[in-house]
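Some structures to go through are shown next.
Each of the two complexes below includes chain A, the first together with chain B, the second together with chain C.
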Partner chain A sequence: MRDVPGLPSRRSFLKASAASAAVVGVVMQAKAETPSAPPPIEEYQPVCLKPTEWAFVMAATARLIPSEGEGPGAIEARVPVFIDKELAGGFGEAADWYMEGPHDAAAHPFRGWQSPLTPLQIYQQGIPVFDAWCQQTHGKIFAELDAATQDKALTSLQKDEMKIKPELRDFFTILLQNTKEGYFADPMYGGNHGMQAWKYIGFPGARGSYKEWVLKHNVAYPLGPVSISGERA
Partner chain B sequence: MARTAKKKDVVIVGLGWTGSILGMELANEGLEIVALERGHDQNTVPDFQYPNMIDELKYGVRLGMMQKPRNSTLTIRRNVDEAALPYRSLGSFLPGIGVGGAGTHWNGLNWRPQLSEYRLRSHVEERWGAGIIPEDMNLQDYPVSYEELEPFFDRFEHVAGISGKAGNLNGKKIEGGNPFEAPRSREYPMPPMPVTWDGAKFAEAAKAAGCHPFPSPGGIASQAYVNEYGMQMGPCNHCGFCERYGCYNYSKSSPQTAILDALKRKPNFEYRTHAEVLKIEMAPDGKTATGVTYFDEKAGEEVFQPADLVILAAYQLHNVHLMLLSGIGQPFDPATNEGVTGRSYAYQMNGGYTMFFKDEVFNPFIGTGANGMSIDDFGMDNIDFGREGFIGGAYWRAGQSNGQPIRSMALPAGTPTWGAGWKKGIGEWYGHSMSIGSHGSHMSYRGNYLDLDPTYKDRHGRPLMRMTFNWQPNDIRMTQFMKSKMEPIAKSMNPTSMQEGFKKDGAMYDVRPYQTTHNVGGTVMGDNPKTSAINRYLQAWDKHNIFVMGAGAFPQNTQYNPTGMVGGLAYWAAHAIRTQYLSNPRPLV
Partner chain C sequence: MKTFLRVILILAVLGVVGLLAFIFVPVQRTAAVAQLPADYKAPAGSGEYAMRAGDCMACHTAEGGKPFAGGRPIHSPMGTIWATNITPDKETGIGNYTLDDFRAALYDGVRNDGAHLYPAMPYENYRKLTEEDIRALYQYFMTEVPAVSNKVEETALSFPFNQRWGIRAWNWLALGKPGFEPVSQDEQFNRGAYLVQGAGHCAACHSPRNLLMAQDGTDESSAAFLTGGEIDGYTAPDLRGPQSAPQKWSTEELAAYLTTARNAHSTATGEMMLVVRDSLQYMTPEDNLAIATYLKKIGSTGGSTAPATPSAAPEKAEVTDTEKMLTEAKADMPLGPRLYLDNCGGCHFVNGKGAAEIFPELDGNSLVTAKSSKGLLDVMLHGAELPSTKDRPMRVRMQGYNDRLNDEEAAALATFLRQAWHNDAPPVTAEDVKAVRR
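Let's turn to the complex of A and B:
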């Protein structure tokens, strides 16, 4: 059976659950303590991204932080939900940035963000350009490619092998940055579900009080994370 | 038409550290004062409360406490041949917004410059001759000596509540402190903070190499403290959220913890927020200011605020911008090296090593902004500039400030930036690395300056300020010298692997990664009105009722974080206004 474009493949779900029994346990525990556990990610209704965009974000983040191996992947951490919400807000519309023209989008990268486009517009315009390149180069849009080819395509995007137009050249950079943000930000923003990413690396989140441990040199801090809303994991 | 507000004795532009200090000192003279702050009001409670404040995404990444480029920014180019482009989103430096300013979101590192730094040109000429000064370097003395400033450094440190260990008390060297510091008249207000594993390891290695480690001095309370204004601090709990955040624990020095609540109780002091000053207005004779025009955001109108005395206490960049817009001082021209406003913009030359230790645990989330151990063995006073081929110096420090994982994720070189390799890398290496930083001086050059941009405008229709800035060979030689000295010490700690981050020959300024918010110069203080915008009392040379606070006064940047010097100079200027100016307003020099 063919996987639905954009949804993480059944294969990667199976791998994730098989390889990370401990992580699944954490999720269960967090769910038990959270009265309003979110719906499964495949039932999530994006507030901002269109279906093809959502399919891309699901597929791309699943490769940027894959489910296999130790630690949660972007899908288990619900990173796509985070990205959808961020793009729907002030970040997506560059609400804080100076966006007056004239723009010199082709200026040297050291000169910073010079595109006239907002981050949301970069996703909206970058995804079809990249999908068209994937179709032409690999025969299918990104979300329909197998994992190994997806990795190859993302590498091409990162190295700008398709010579994307200058207005869109930060596409990969913000996609990767937003993916890591969604992995590690407080769970109230929709990602880092169950604080799995914090637990995986050993960051205690919003505990905020370590006075008694400052001089315990080279001794691992023993407590797990808490979130801003008071979840524990 | 602008509305005219009721006249005040003093108008203060900006309510950060220096605005608060001048507000308090001049309010104590009985003057009627209004401070105008372009940003919002903010207080420890409710604005910095736990747990909402310690939100890395909102404040660390989306920069919730910083100025919004949409409202206020500048353009940047690396040299005069390039077209300047707007600094559209914040990267390299992060000016603050709101009451407290950058003093609210800083790390707390607090220093006094080394003795040679106040008279750097004279120091160089006396020891090596003017011949070693690069042709395009505008090297100048500060027009005030350390001996004159010492009581004011002391005052600021005791108001701000600094923790540290003296290494030189009235000329007597004290074991455990910094043996290379300038003599201080008394101990720090509080003992030093305890140090995490990374700082302790560095201190041991530095000592073994013959250096002299000491606990880093900082505005982080190591115990309960009450200052001269009755303001109280509580001991820090090492939460690891200093820089980019307000402190929820009343532990970090800031205008909020040290001054503002006491100042707000004074009936002759008033402050207005969402009040952005657009211009300083001049009397017809051009010799004095009559007040300022500001935009009242709530009323949506311009207001003229008359005042007898104008204190510019905005961030360094904004002070320079306002002076350029208001015609205070002749704008600097790099073609002739003449003019004073915008002259000698400088920055900071930093570098460092990151070391990975597979089998050691650093708990990086346990930290403070001023954590750790430092050395000054490679400071200005200890370097033979003639032999080494540069003018400058640095202090080094190891002390973790935070373990916030979006931004603070050091990985060994060669780790993939995404995918399975990245995920494996973060699991293996988070909490298993430390770094040593070299915090270096930055000289002033003819080619690094500030003026008005010809193309881009702000929301009020005013030209943006334009920064022309690039790294210069002298400072790169300095930082490469630091690398050569740091490498063996880092190696001696036997890390699993290590990697360096020092600028190399030909490095071009990249505005994207955060570097430091130590923007200095542009309103340089000096003895000569042809090469400085303000005199030794921070008074504008050509408009005697305008005083200009902040790091804009630095003729070139020191090797330290600037706040200690900024605070000391503010008390020094306040003293001159109180004792010399108020009774007889005139040019003090």
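Let's turn to the complex of A and C:
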């Protein structure tokens, strides 16, 4: 399935390029001053993730929302870019969370975030732990495994089969959550590139002008989405 | 031949003498239009009220500066004129002004040292003030305004406009009779006329300027009076034509606009927003109603109380082509209406009617269809905010779309707005947009 471990298959890469070309094409028609297209995701320079962490996030999000099958995958939507930026910002350092002690990391999950670690620290500490487990269990670090084994490994992580320490127990949860956010959030945050996810599910974006459509049942809304920065598709 | 040369010489000497006299003989100041006792005391509060009516603050207070301490730049076609310090400070303000000096500034546009003020000071209009109001203002500025020592930058226009004596000739042509003479039996009309023509100096912006840059009419007897002018590149709309806002609105709606900066149809933006914020909201309800009554009566419809268009009628109105297009929202619609749906429709709606006192109507809006598109583009790009007024404290705010629209997009959207629904104004170019961005 994959030509290079940790990177999307050539097929999905080509698909992604074709999709972005199509998106850019549409935008160019309507926008005279098109902001220069971002560099390909393979050339993206992460703001806060180290190379092994970046390789993991690329590989993991590509399995959580795969490029095969219907709709754009996490890679085409540039979800890893979103996660890198999100972790580099306020979310990554839990800027507006209560992070003073006492911490009881093993407390019942119903009691919410109990880890003394910030989300960025959870990624930074969780990835090596998980990679070590993959190496031990499947013979390679996560990014180098084939897709089927990656799926299996992620399932194990979700079920906490490796009995990760309590401080890191939310690792899979925030990884999945951040992947969904990167897929559906407004493109201004780096993910949902070209509003592909919105187009796929038929979400018309930040327009807020649908009064005439409230009572029109079973009629498809004709216009594509618009983003907060005014991008149209 | 000798005789001829002698005649020429005499004429030249006479000319020089005349010119010197023109420059150096002091200007005859206009006397009080009514004789009040020397110990006349203006009723408490009347000075501040007259100051509000005249909106002295608008020009004589700098952004973030002390009240009336001057220093605000007034941009004119001839260059920047710096508003002076009119606090009673003796060195930098008007603390040494006698009542006659003060009246001369308001009536004749003359400083106490005899120099002419630039007509950015609307003495064409203040000339109509009653002696009672002159006294009230003098008392207010001398005893109620705190003295502030603030040396204001000297206005330095380029030649020939730096020759202030030239204004003397301008004054001969521009200035009408001092004081105010009521022309109607209707006291409300007269009160409105006095406020509009005098202290309110509405004509300073809302009247066109004639070839001499004087206001084309300072009362309703001139056909051009209040039929629209320009301020700093922005259009000050016509107030008298059949399609003008005051003539389409009811008297009460017009008064509400003056008092609260908003009514069932529109909201005040730009300079007019400032006029409501600093001046009109302090007028009594009776006075704003008088202003509205006067403006309605001098309109081309002659003040018939029924609105000229059934804009206030229940929403059974016809569906315009624009509304139909916006409702259908076809994927291949042109860029202008598409941008309207993407950016504006949520508040101003597909019928362009907005919502009373919150979102202004764009259909038939004088700002949208103004001769200069600068006002419309400025609001689109930089947003607008209503002032908090006593009756309507909410600062309703529209965000700016500076970051969301590029020049071509803003031009396409503005062009659409200017031609949508019943609007019919010329298109806007990307260059127009570029000029308004800041």
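To be clear about the criterion, the second predicted complex is superposed on the first by the 202 of 233 C-alpha atoms of A that agree within 3 Å, B and C clash if a C-alpha of one lies under 4 Å from a C-alpha of the other, contacts with A are read in each partner's own complex, and residues count from 1 in each chain.
Please note the rule applied: a contact is a pair of C-beta atoms (placed from the backbone, for glycine too) under 8 Å apart; a residue touches a chain by one contact, two chains touch by 3 or more.
Bear in mind that the values here come from a model prediction, so they are computed numbers and not experimental data.
Novice: First (chain B), second (chain C), both or neither: which does A:223 touch?
Specialist: After superposition on chain A, A:223 lies in contact with chain C alone.
Novice: Considering only the touch criterion stated at the top, classify A:98 as touching first (chain B), second (chain C), both, or neither.
Specialist: After superposition on chain A, A:98 lies in contact with chain B alone.
Novice: So in the superposed three-chain picture, is A:232 touching just chain B, just chain C, both, or none of them (first/second/both/neither)?
Specialist: In the superposed model, A:232 contacts chain C only, not chain B.
Novice: Would you check which partner chain A:209 touches, where first means chain B only, second means chain C only, and both and neither mean what they say?
Specialist: A:209 sits against chain B and chain C alike.
Novice: See if chain A has more residues touched by chain B or by chain C, and give me that chain.
Specialist: B
Novice: What is the contact status of A:43 with respect to chain B (first) and chain C (second): first, second, both, or neither?
Specialist: Neither partner.
Novice: Would you mind listing the overlap between the chain B footprint and the chain C footprint on chain A?
Specialist: Chain A residues touching both partners: 207-209, 211, 221.
Novice: Using the touch rule from the top, collect the residues of chain A that touch chain B in their complex.
Specialist: Those in contact with chain B are residues 63-66, 68-71, 73, 90-91, 94-100, 102, 104, 107, 109-114, 151, 154, 158, 176, 179-181, 184-186, 189, 197-198, 200-204, 206-211, 213-215, 217-221, 228.
Novice: Over in the complex, which chain A residues touch chain C? Could you list them?
Specialist: 30-33, 207-209, 211-212, 221-224, 226, 229-230, 232
Novice: Would you pull the chain B residues touching chain A in the complex into a rising list?
Specialist: Per the touch definition, chain B meets chain A at residues 50-52, 54-57, 61-63, 68-70, 73, 76, 83, 85-89, 91, 194-197, 200, 235-241, 248, 360-363, 365-366, 403-406, 417-420, 422-424, 426-427, 430-431, 455-457, 508-512.
Novice: Would you tell me which residues of chain C are touching chain A in their complex?
Specialist: Counting only chain C, the residues touching chain A are 326-331, 335, 338, 341-346, 349-350, 401, 403-409.
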